[in-house]
């Protein structure tokens, strides 16, 4: 039942995503005490053209 | 004013999306008692490479 | 696997929410062709003090 | 620390996004009283095939 | 049609929210070229007990 | 820069949230290769009256 969403820049390999969902699920299972099957993770990649900090797109920094 | 978001895997046809927004809007209008024009729906497709259950990407299952 | 989110103003009864999740799940199952058990719905209530249209909070309209 | 998300149809130029994040950050800094570096903005583009109002996809209207 | 979401800590006055939605809507209208009536803004307050940076809840920092 | 969101039922202690954000941040840092300070986590609690599976609110199951 916990749903986790990750937003990050593109550029990670499929292996990194694989490792992330494994480790983040383990973190949820151990700390929140829930079965692994109940943990859903959705990854969204946001390009630097669409993410800004301090009023500036990251593609411009 | 109700905003509905649907996250699902890609693969549905445009006709299925068309039917979904029609039927989901009807469900909202009838049960929540609001005018159809007030119902917004946003559909986001999440690939199996970016969605995990039980610590495993769906593309790996 | 489809995840649906509904944002709306508070004020609906628990029975209306009950009817909404039943009907919206039916809409998803029929149009997207997925098992009912795979449909998750999360409802979030947003007060009129926190929702604006046209630059005006709804509590001020 | 404020996080702003913008969902809109595709079609705006990179210059328009640049102007939006600059002006929206200024609005946040001035009205919420926070340092510019603390304001993050994420822009997501939603095609007309995936956005519906009144039960109709915008690509069908 | 643009939908803006703001997540921030609680503590701002209703007047600050009022000013934010007015100014953020103006920013959207001017830079994205859309009618004011099409801009929706939803504000969500996230307590310091539920927001973390660098692995630490802000209420612990 | 990675932003993580966790949605779950209420009922976890502040210590469990503390442990979750510590471990989930570690998972992100190690697998996605990013500095800990860049990882933000937002936790949202969704009551069983507002979360449904298979067309049924969890408070009714």
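Of note:
The letters A, B, C, D, E and F name the chains in turn, as written, and every chain counts its residues from 1.
Just so it is clear, a residue touches a chain if its C-beta (ideal position, glycine included) is under 8 Å from a C-beta of that chain, and two chains touch if they have at least 3 such contacts.
Just so we're clear, the structure is a prediction, and the values are computed from it rather than from any experiment.
Steps from chain A to chain E, minimised over paths through touching chains, total 2. By residue number, over half of the contacts seen at E-F repeat in one listed pair from C-E, D-E or A-F, namely C-E. Under half of the residue numbers found at the chain A and chain B interface occur in both copies, marking it as a different-residue contact. If each chain is reduced to the centroid of its CA atoms, chain B and chain C end up 11 Å from each other. Our note on geometry: chain C versus chain D, Cα centroid distance of 22 Å, whole angstroms.
The residues of chain E that reach two or more other chains are 3, 7, 24, 26, 40, 42, 51, listed in rising order. The touching residues of chain F, when paired with chain A in their complex, are 1-9, 12, 16, 19-20, 23-24, 26-28, 30-34, 51.
Of all residues in chain C, only 7, 46, 49-57, 60 touch chain E in the complex they form. Taken in their complex, chain A has these residues touching chain B: 14, 17-18, 21-22, 24-26, 36-37, 39-45.
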